[in-house]
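In what follows, chain A forms one complex with chain B and a second complex with chain C.
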Partner chain A sequence: MFHWLEKHPFFFAVGVFVVIAFAGLVEILPNFAQASRPVIGTAPYSTLELAGRHVYIKNSCNACHSQLVRPFKSETDRYGHYSLSGEYAYDRPFLWGSKRTGPDLWRVGNYRTTDWHENHMKNPASVVPGSVMPAYKWMFSNKADINTAFAEQLTVAQYFSVPYNQSVPMKDGTTKVVKMGGSVAEANAIALEEAKIIAADMKDQDVKDTVARGEIPEIVALIAYLNSLK
Partner chain B sequence: MVNRPLEYDYTIAKMFMLTTIVLGIVGMLIGVILAFQLAFPGVNTILGEGLAEYTNFSRLRPLHTDAVIFGFTLSGVFATWYYVGQRVLKVSMAESALLMFLGKLHFWLYLVVVVAVVVSLFAGVTTSKEYAEFEWPIDIGVVVVWVLFGMSIFGLIGIRREKSLYISVWYYIATFLGIAMLYLFNNMEIPTMLGTSAAGESGIGAWYHSVSMYSGTNDALVQWWYGHNAVAFGFTVPIVAMIYYFLPKESGQAIYSYKLSLLSFWGLMFVYLWAGGHHLLYSTVPDWMQTMGSIFSVILILPSWGSAINMLLTMKGEWQQVAASPLIKFMILASTFYMFSTLEGPIQAIKSVNAIAHFTDWIVGHVHDGVLGWVGFMIMAALFHMAPRVFKREIYSKSLMVAQFWIQTLGVVLYFTSMWIAGITQGMMWRAHDEFGNLAYSFIDTVTVLHPYYVIRGVGGLLYLVGFLMFAYNIYKTMSARPVEDHELQNASPMGA
Partner chain C sequence: MNKLYLWGIIIIAVMLGATYLSVGGSKGGLNGDIVNMLAVAGAVSLVIITVFVVVKYVRQMQVDSASGELLKDNWDGIGEYKNEVPTGWAVMFLLTMVWGMWYFVIGYPVNAYSQIGEYNEDVAVHNSKFETKYKDITGEKLVEMGESVFLAECKVCHGISADGIDGAAANLNKRIDEKSVKHVIEKGSNNKLLGMEMPMPDRNGLLNANTGALITDAEIETVSKFVANKMSGAGADIFAGTCAACHGEDGKGLDSVAPSIATYTPTLVSNVLTHGKKGVIGVMPKFDRLNDKQKEAVGAYITSLNK
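Let's turn to the complex of A and B:
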């Protein structure tokens, strides 16, 4: 058979393809519908949080920080409850990372504050002596891309039925509605309201002035995103 | 064409040899910079605060991996295909104007995509998925380049004189099919400009931005099915194709066992794809998939070692060549590192080992003993073998080759030993509890302890880069300094005797 295949490239290629595709069919497909269901307490990202997530991705924070708490005592002691599949239902893409040069961030919103992040992103070693993380000063002057975040909200609501403007159940029995603007102008207004809350807790006068002018620096969006990780 | 050897046409092989060397230097240089950034964070602002956004670790990291995988390695794969393909199929590229045109188009479009990738990654335009960072416009370019590669493979096969496909061709075909399937499925994404607001606005935001069609756990599953097998079909399969051709050619020995090559080829094809789950141990992926990933990773030792042992046994009775020929040295060390790396990987895929190794530098060490020791050495060996033939000139300096070999070997050893120690140290410190059941170390303790190993790793990487520059210089001098032979060097290797 093998000698015959080696003289018939078409059938050879078909054979190779069947053999390599087999594992994907068996391993990946069965889980698809199940794993994408959110658990109670998981809400979609707001416009500003999503813009912050884009800042996180733009700077490849995931190259050094994981977002996956494994079910070991040492990890739950350090980072909080281990990760559940449904908690990632609105994560497109997933940001688990593959290397922990810095600590896991999946529940960083539980134990770090806006103020801490502000100081840390400006000069990591001043907050954590010995840190090898570079400073991210440009995030204080670059503007967050709210329009793209809004476009992504629209896209996921449209194609994947992500429940924006609908009530989603929270752990304490209440419900929460994550607002998505009806227009670009409204989306920017919603993001700015959120940004003002973050900026109020920050010290950097330039950032405060920028937000007061109606613009949102990347750092504000990023902190909104990090605070949302709980 | 009567009674004389075919004159093969190496135009396109030469073009890809050039990009192999240039992108190799770029990728490895960025790697060395990254290594020293971890050892000395000041290196993040190496070009000043103003450019820190573009020179800091996180922005450069995807550039390093992509330059080495899709720049250096893939160029090497293309270069060797355009050399090996003609020779084992007994047909010259010059015989088909169409294939020649497609080959040139393949090269130039590849270059366009490379430039687009470099610009976009420096700008921070990325999907964040490892080795699949490119946004959808670039993905389309990648697909076109890949289809052209496939047309070249099957086109050349279509007009071949030698009816039986040699082992190397099996592996090139598998490379084409494997990457095509993986890349397409992992990059399923929807451009966000398709979203329409309630007010009827569309085309909002950045036109190149997209959102993954998979979410969370599913996205992770598809990504590591891809990520692991991009390693399989980028770093293993085509490199095995190379060694099956170049080692017998260079040593004058026939492949030890046809049956062993059959077993390892079909075994590798079947088993490799299952193993992606070992990147997701203890994650939220279902347990049975994690276990499958673990088990198949261990089974993977069989076909991997099958190829490697086949190569080593090919040298049976001719081991003096390892001492005499620097080129054989490169290839034997490459297959040894292949064995080493394909044993180390399965060990890391065992769940209890993975609990310590995952997220640490041990994984980085594993990647690099595979890539520096196996992929890098084999591609350089292939180019060393090709250079005298495509340029019709003897290799410029054999002693430079030997020096390069030892410098780079030392570099690889420093690299992986330091990363082993770093990884296991950190993994053990993360999980350590004191006598009262509290965590024994804060996270930063587990970072500062790594400093000496980061320095050693940086030095190891630098040595490898120095060796690669010696390689580039040697090839350059071969092209320019040696007298042209009046015919292609057909049989005797310039390294032999």
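Let's turn to the complex of A and C:
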């Protein structure tokens, strides 16, 4: 066997690789699989939140904002508990980011509110003096793409077993069911229900009117997404 | 004398000469610097040791010859002798195996470095330092701490001067504004300002003792102005008849019944920070991340703004 291996460099190299990789395999993989399971309190994104996530990605928010709280006192003082890998179980793709022109947003839902986001997205410098963030006024008139969000929900539910319409455990011991529509119309209706709750806390009359008409501006979806980051 | 030794001496001389030229000959020199001296000492010993070792082994190749029984395997005509494993090597090998087992079973699992562990230690050290340093902080110092916490956590909504940035958040330079009083009377309120559930009824539960009827629109208007105007002006009678039963004659609240609406108190502010708040302006999130001392400090700062 060894004589044969010594005469065949290719298979020898394969053998060496297997022997060395084995340690990595048994040490890293089980740990990795365990850590990437959703932690308690992590729920899948609802239709509206997912549409807001698409708005977030479309406007490249992740170019200036990270979504990863590192385990340092200075960070946890400012942003809350450090991030756990399982919290990203339903993030496809994750938006960790490596550049912080603005602050981290992974737990922004804990310390900012709907009305604050509304003021801030209209004119960041009005609430954060000296802010270099541009205004995102078009989000108040553009409509959120609920159909695409629903398509993503269907895909991840089918191929990655994301638990929509199932109860997931929350931190306070209760359970939560994130609904996914059975049809496009149903998904739009569910998203509109969520949008109404957000719009009720907003001041912009145009946004309120749009939601009352049955359409959802991007800003409502984005705020729903930001509020879900906890 | 062997030619080899002669070459060795020549090479040493040349290398040391080059070293001398590059150090002493340049403008730099040693400058009496210990690091420079160490570097030169290292260079000199390296040259000498290298030449000695090379000479030793070249000499060995020239004069040594090998003998013994050959293994049956050979590789392209190059064979190996059947030699015993050197004792020192064998002992080291066994010791390494023992150490490896220890490390695998005890050494690594018990003493493994953990990023989170380091973080936890950091936080514990910091917290205990914070506690001892600021345990007895009071008065002016507490207000200063409150201001710095305010500037870090609260100014984003309430503004650097705590004026609420044109209505984006509450103006903390006064206890309450007219809009809020009106909203609370009309809609009721349940903000745990006393640290516990103690809801205030909406207008359908607010009786004006003077008239014996529910509070009217005109009365709400007047009493809101009265409260927002630091409990002065017209409306004192409505306040006495409707609000004073819970909020006290002077509006400073009653223990376990209703919060002060005339002044801020550190406890009131602490409770808002702990539970968050919802009012006419919007929702204020809770600030659980602050510790009790920091909450107390923010309370002292807000109270001091209203002196």
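Simple rule for what comes next: the second predicted complex is superposed on the first by the 195 of 230 C-alpha atoms of A that agree within 3 Å, B and C clash if a C-alpha of one lies under 4 Å from a C-alpha of the other, contacts with A are read in each partner's own complex, and residues count from 1 in each chain.
Going forward, a contact is a pair of C-beta atoms (placed from the backbone, for glycine too) under 8 Å apart; a residue touches a chain by one contact, two chains touch by 3 or more.
Note that the structure is a prediction, hence the values are computed from the model and not measured.
By the touch criterion stated above, A:N119 is placed in contact with chain C alone, chain B being left untouched. By the touch criterion defined above, A:D77 lies against chain B and chain C together after alignment on the C-alpha atoms of chain A. Comparing chain B with chain C, the partner in contact with more residues of chain A is B. Once the two complexes are laid over each other on the shared chain, residue contacts for A:V128 go to chain B and to chain C alike.
In the superposed model, A:A21 makes contact with chain B only, not with chain C.
Applying the stated contact rule after C-alpha superposition, one finds that A:F150 touches chain B and leaves chain C untouched. Judged by the touch definition given at the top, the superposed model places A:N110 against chain C, while chain B stays out of reach.
By the touch criterion stated above, A:G173 is placed in contact with neither chain B nor chain C. Chain A residues 71-73, 77-78, 128-129 lie at the interface with chain B in one structure and with chain C in the other. Across the complex, chain B is touched by residues 2-3, 6-7, 9, 12-13, 16-17, 19-24, 27-28, 31-32, 35-36, 57-64, 66, 68, 70-75, 77-78, 83-103, 125, 128-138, 145, 147-160, 181-184, 186-187 of chain A. Those residues of chain C that touch chain A in the shared complex are 115-116, 118-119, 122-123, 126, 152, 156-157, 160, 165-166, 168-169, 281-285, 287-289. If you check the complex, the residues on chain B that touch chain A are 37-38, 41, 44-45, 49, 52-53, 56-59, 61-62, 124-130, 154, 157, 163-165, 170, 173-174, 177-178, 181, 185, 190, 192-199, 201, 204-206, 209, 211-212, 214-223, 225, 262, 266, 269-270, 272-274, 276-277, 279, 282-286, 289, 292, 296, 355, 358-361, 363-364, 430-433, 438-439, 443-444, 447-448.
Across the interface of their complex, chain C is touched by residues 71-73, 76-78, 80, 82, 110-116, 119, 126-129, 201 of chain A.
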